[in-house]
Structures are given as structure tokens and as C-alpha cells.
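Several structures are given next for inspection.
One chain, chain A, links the two complexes that follow: it is found with chain B in the first and with chain C in the second.
Presenting the complex of A and B:
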């Protein structure tokens, strides 16, 4: 009896695996998503390359944020969402029934459209992820490393115990990036991270994204084509829930294959 | 036909008048309470609040047992209603599927619509009798029964206000927590509840006001005996509260005793007004907290 239970428990831990090419961090395979009866993603296929910045662009409502939120299973928090297909992270299917969402989200960090720091002190904001995941790391060190990585250290080092809500919008967003870096994720998802910020703060965030590429794989959703052109190495263009075109950013912006892509990037619709 | 501008101004001053009238009424109640209470305070001084002996014939009016009783049942009621109320609010706002929430919330709020005399009746006849049989008490009256009933009576307001407070925590914050690998429970405990704490406390304090000011139910259950419980923490003992004292004595009161009862009324008024003001301030704090950020 006990042996059988052990066997079941062991089996449960097993999660669907397959080998991916070395340079691919995440692979989206025939992925569909419905909100009730509305299909928001239609059979999307996409490879996200390691240590590169992938931008997802497209007109409002094309499913780009939905796709991003699917990459760390944040759509699970929406009761009406239903999915089919697979998303692989380094050979593991994150949509396998046995996968632990909580674990996935630690490995795949996320930065939201609106800066959303917790109403705690700056250092507790950064350290939150480590705390909830019981990570055995030094608090001071982690806070300093992450704030430095997020190019915020200089501005806040003397007031780490102040409430995070006292920071400016741009600082808050960099704090959110620092917070996402603290759990040492492999991938960083960013959902229009600069859309609520002024041009100077936006420039800072864009520089930062470029720096992050050394250590992380970044996926960024943006409605600004200039931003996609400036920061990304690869660009995916989506329209009405379908992935229309995916290629190197230069290729997409200079020589798009599909007519729809061309129309969008030249500003003729969207 | 009145010109439009004049009409607008007339309506404005009419509403101002109505608002001013209600404030005026409160003001007059306040003044009247003090006016009526003053003779007793002048006559007996601090003895009113420190003496434990109450004897109408000998003109001994020690309110301490009733003051203590009010505090005692209120603390007990909060011990019942705070864990239950916050637990229910967490379930309603964070865990329950929408369909369950749509049924449960009105049902809990319905608890507030039950007349207090019915609570008192149920408390005395069913709960009081049950406690009496279980713990071998002398009668059906006890502080414990009053605490439980008051706790239940304070529930709807605590649940409702705590639920609103947690619902008003921006979704973004909860998402941020989940996206960092926190579980749902960690998110509730470390983000939702701390962020909503002002609103939750505000609900608890409102519930406390309800428990202090409740009369009919307590009167039927607590026993109406002017004495301190022995020992002082003995919830199985009987006693009295300020509200029940006023309700029972008022009918046949004359002379100075009326002034004594008004003193009890002043105390209740001040405490309940304070709870309501504190609750308001706390609620405003929750609002400021989230509206300050972009």
C-alpha cells in the first residue's frame, strides 16, 4: 500500500519533457486560448530565443498581452480562461497538469503595464519574492544587487525603508523590475512597461531592458512600434489572436513578408 | 415660472437646510444629554463611575458594574466576530467563485436585518438554555451567551466592510504577488490583508460600536444584575450593561435616578461616536493609500 502511494507521488512529479534546441528558451506550440467562447489566441507558434529581446506588437485587442500572460500562466487567475496546446520552458511543458504554477512564476518574472509596487518599504518590495519562495539568500545583498540591476540603487540607497509609493512613477516601475529580478528568473516578461511613463523615464527603462539581455531572456509587449524597433532583437506581429509574422526586428520593420504587417508598421491601420 | 438660476439656488439652499437640520438634531441631543446628566454628576461625582453598589432605595448609584459589563461583553463579542468576520470576508472577496459570492453576501447582510429582539429571544431561549444545560449554570442568563449573540450581530457589518476593503485592493497588487511566485494564501496574508488593514479595522470598530450600543438582545440575555462577575473574567456569571440598565430602569425612574441614567447615556454616546469617527478616519486612510499612486 505504502509503496503504491509512493509510486503515485513519484509519478505525479513527472512532467512532460522534450528536448529543445539549445538557443531556444521558450517555445509556444499550437497554443489556443478562450475567454468563455471568445477565442483570444488562435494556434500560436513562437520560439523565444535565449538572451535576446523579443517584442510582441499589434493593434489593441490582438491578444499580445494575453499571449504574454500565458507565458507565466497568469491567465489562470481569470476563471473564464481555457487553453489548449503547449508552452515549453527549457524542455518542460508548463501547461502540463502536474506543473506547479507557483514554481513557473518564480522562474518567469513579470513587469506590469502600470507600476504596482506593494504599499511596503522599498527593500521589502524587492525582497518579497525571495521571502514567499523561502529563498536562502541574504536580504541586504539581494536588495542591493537587484536595485543596481534595475538602475535604481543610486536614487534610493539612502531610503530603503521608505514606503515605495513615495517614489515617482518611473522609479516605481524600475522598482517593479528590481522586484521581478530578485527571484533570479530566467525569463522576464514585460507588459507595456513604459506606457504609463514620461519620455525620460521611458528612455531609462529602455536602456535598462537592453542591459538586462546579458543575463535574462526578455519578452516585451508594446504598442509603440518605435520602442519595439529600438529595443528588440526579434519581433512578433499579432493580429486578431493570430501570430502573423515573426522574424528579426530589422527584417520585420524593413522588409515584412505579409501585407498586414506592412500596413501596421507603416501606420496605415491599428 | 421661477427663473432657472433662482430655482437652482432655492434647491441648493433647501438641501443645505436638510443637511444642517440633521446636524442640528445631533447637536441638540448631545447638549440635552449633558444637561440631563449634569445633576447626577454634581451630586455623586466620581463615585458614579467607581462604586460597585447600586441600590435605588438607598440612593446608591454605582455604575461601575454596568460599565464593566459593557466593556466585557464587547471584548467577548469581538473575540467571536473578528476571526469569523475576517475569515468570511477573506473567503468572500478572495476565494469564493462569483456564483457563491452572489448568494453568500446578501445572506450575510440579511443577518443585519433580523430585529434585535429576535436575537435576544433566540439567545435567551436556545443559546442560554443550551449553555445552562452544558455548563450547569443556575439560569439561562450569562455574559457568555450575550457575547456570542452580540458577536453574531456584529458579524454582518464586519464581513461587509472587510470584504469591501479587500475588494478595493487593486488587482494589480494581487497579480504582482502571484507573478512573483507567491501562492494564493501568501498573497492574501502578505499583500491583500495588510493593504486593506485600515478598512478591515474600520469594520471591526464599527462592529464594536454595534456591540456596545446594542440593547434589547443584551437585556434579555445578560441577566440585568448590577454586580461585577466573580472572578472578573468569569463569562458564565451574570451582570449588566449600560444599555440594558437604561432600558430596564427608565420605565419607573423618577428624580435623580433619571439623571444617573442620562450619565450612562452620555458615556454610550461618547464611545459610539468615537468608534464611528475612528472608523471613518481609517476608511479614508485606505482610500488615500491607493488613490495617491498613478
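Presenting the complex of A and C:
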């Protein structure tokens, strides 16, 4: 009986489908976004590769955060925002207007610019999502695993019950990464995760990002070209809402195709 | 002879009435869910009151149905399928009662949300509610029609409800992580989707009971 039901469920629910090449996790296709009349993304096309780190760079206001947030439909809370085009996640269009397309289980975690842990203990920060969701998982085990994955375990293992706000900025940011990992995402989006941190804390975050790609697909927005060059496998350069160039990071930094890209990365910009 | 026929007829009549009362109680229950979710989406205080009134009505039905069912069992000593129908009625009204309690829980959320406002226009929650309401309606229909073939459709919807739960939960959690100020509202949304998910579970209980009523066999289903 159950087998039969499962069979029925597999059938198409009239959702738009698209076969993506195996190594592509997400595909942005002819994607536009407006805030009222101001167009912030202009026909963006971009492939996010599985288990690779993609950096989005470009000058302030060019639409990096807007694009990153679009990957998780975070523009839904902004009443003035309107989109056109598609963003595919494993064969499903996350902007499909058909509400029956619930097969799109967007397993996406986010880390924001400002480290913003909840005002709870360290362990409760990590476990919060599981707790609210009544998830049947072992708390100690989950907390330890996520803190280890976020390279924070060594520093906090003896003070898990302390308030997260007592941590340093860099530690708080790694805690936010641990918190995002606890919900078992397969894509991790980070918007300038190190911009509020000192160089040592930044280096730690960068090392961590490199480790994360084993298990996750990572997209990181950064205003630091050095950072993009250090951590990413692929780089997308944006300017005034357009995606100007996208390629392997090495290619972008050694031999960019477009003049605008070259100007930006050599700092002869503006 | 003719007297016995009279008795049989009124017994069938009574049984039909019993089922119709369950159907009415089902209608009130789905109406309560629908109003409760509307109260939340629109932050409408009048609808909160309506849901509470409905809950009182539902409670009265529960008592009336229980009394009638127990009378039927005592006076008619029903057997086989008739007995299963009466037994199922008693169990189904327990499910409907629970469902109604969740509607009341949802309006409690509305009350807490009224001066907070929503963080965005609610789309997925009402969609999840629509599917849940369908499930309850279908399960009660299956009881009325004595037709267990709705089982697959209901379980298919149950799977959609679970998927929506997961999706909405992740979405809400992301907003809470971005801005701690959303924790209060976010926690309330998670409560609502949990209530809806439980309502969907009760619809599954109902159809499972109808399967038993029709076939005499229990559904073995891992959910």
C-alpha cells in the first residue's frame, strides 16, 4: 500500500521542471529584480556549481546582496520588490508561481553581514532551529558537530551555557555559521561574513569556508577582492545590476575578459 | 413481523442521522480552521470570536453525537459493519474535537500577533491551510460515502503538508536569524504550521478509521 502511495507521489505535480547538468546546484536564468521602478538586477544569468565556492564581487550598490537574497527568495518581505525570470534549484524553479510546487525543499542556510546570534546561550543558539521545530535529534551531539564544523568547538566547549553575546565578533560569526549548519542546508549563502571582523578572525572564517565546500555549496558576497581570490573557485563580477563576467576565479583575476572587470580588480575603478 | 420491520427502519434512520451529525460537525470543524487562518492573515478580531463560537457548537455536537451513538449501541446491539460505523463515529468526533481545539490555538496566535503585525504577506501558510482543510473534508466525505478509496489522495496531501511545513519553517527561521526582532513573530508562525500539521494528522486518523470501518482491517502505514 505504502509503496503504491509513494509511487503516486513521485508523479509530476505540474511544476516546471528543468534538467540541470549534474555539477550545477543552482541556475539563475534571465533574472530581473525591481525595487519599485529602480531595476537592481538586469537579466542575470549565473550557474552555481555544486560543492564549489562562488564569490560575488562588485562595487557598492551593484546588486550583490540583492542577487544573493534572491537565491533564497528573501525579497519576499520587501513589498516593493518584483521579479522576473527563474532561479532553478535542482530542477525546480523556486519562483514558480504554482503554489502546489512544494517539492522545492529549499534547504538553504544563510549567514549575514553582522554577526547576530540570538541572546541565548551558545548551545541554545546552535540548537534553536531544532528546538523550535521539535526535531527528534540529540542536542549534545548536534551542538558539538555543528560547532566543530564551524571551527568553534575548541574555543567554546567549556562554556556552552554562556551567553553568545559574550563571544568576540569573529566567534559570534562562526556561531552564526554553526547555527545555519544545524538546519542541515545543502547551500550556504553568506553576505560579507567577515566584513565586521579583524584580520585574524577573517582568516579563520576564510579557512572555515574552504572546509565547508566538502559538504556544502557556498555562495559568498564580498567587497574584498583579495578575499574572493583567496577563498573562491568561481567569481561573478557585477556592475550596476548586471552580471558582467563569470568564470573560474583564477581566470577572472589573471586574465579577465571585460575591461570593466579588469578595472575593478586592479583598483583603477570609479 | 410488521412491528419488527418498523423497528429496523427506525434503526437505519437513526444510524443515518448519526452519520449526518458527524458530517455537520465536520463542516463546522473545517469552517473553524478556515476562519482561524483568515483571522491570522487579516488580523481580524471578529473572526477570533467566530472561531470560539464555532468551537462551542462543535463541543455540543460532540456531546450529542456521543449520546446518540451510545444509545444506539445500548438499545440496538448493532453488530458487524453497523457497529463499526458507530464506533468510527465516536472516534471521528474525537479527531474533530481535537481539530477544533487547534483552530482555537490558531486564534490565540492571532491575538498575540494583532499588535505586532506580519513580517510579510502570508502566502504559504494559507496555502498549507487550504490543503489541510481539503484533507479534513475528504476524510469526512469518505466516512459519509463509506468509501475508503480517498485514502491515497489524502496521504498525497499529507505529504504536501509535510513539505510545506519544512519549507515554511526554514523560511521563518532564516528571517529570525537575519533579525532577532523577528523571533517573536517567527515563533508564532512556527506554532501555526505545527497546528496545521497536527490537523492533517487527524484527517489521516479519520481516513484510517474509515478503512477499518469498510474492510475490518487496520491501515498499516508509516508516516
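Rule of thumb we're sticking to: the second predicted complex is superposed on the first by the 241 of 270 C-alpha atoms of A that agree within 3 Å, B and C clash if a C-alpha of one lies under 4 Å from a C-alpha of the other, contacts with A are read in each partner's own complex, and residues count from 1 in each chain.
Just so we're on the same page, a contact is a pair of C-beta atoms (placed from the backbone, for glycine too) under 8 Å apart; a residue touches a chain by one contact, two chains touch by 3 or more.
All values derive from a computational prediction rather than experimental measurement.
In the superposed pair of complexes, A:162 makes contact with neither chain B nor chain C.
Contact with chain B, but none with chain C, is seen for A:115 once the two complexes are overlaid on the shared chain. Of the two partner chains placed by superposition, chain B and chain C are both touched by A:129.
When both complexes are overlaid on chain A, the residue A:106 reaches chain B and chain C alike. Of the two partner chains placed by the overlay, chain B and chain C both lie in contact with A:72. When both complexes are overlaid on chain A, the residue A:180 reaches chain B and chain C alike. Of the two partner chains, chain B is the only one touched by A:172; chain C is not. Residues 72, 74, 77, 79, 102-103, 105-106, 109-110, 112, 116, 118-119, 129, 132-133, 176, 179-180, 183 of chain A are contacted both by chain B in one complex and by chain C in the other.
On the side of chain B, the complex with chain A involves touching residues 97-98, 170, 172-183, 186, 190-191, 194-195, 289-290, 292-294. Of all the residues in chain A, the ones that touch chain C in their complex are 1-2, 4-5, 8-9, 72-74, 76-77, 79, 99-100, 102-110, 112, 116, 118-119, 129, 132-134, 176, 179-180, 183.
The touching residues of chain A, counted against chain B in their complex, run 72, 74, 77, 79, 102-103, 105-106, 109-110, 112, 114-120, 128-129, 131-133, 165, 169, 172, 176, 179-180, 182-183, 196.
Of all residues in chain C, those touching chain A in their complex are 119-121, 123-124, 127, 152, 155-156, 159-160, 163-164, 166-167, 169-171, 173-180, 183, 186-187, 190, 194, 219-222.
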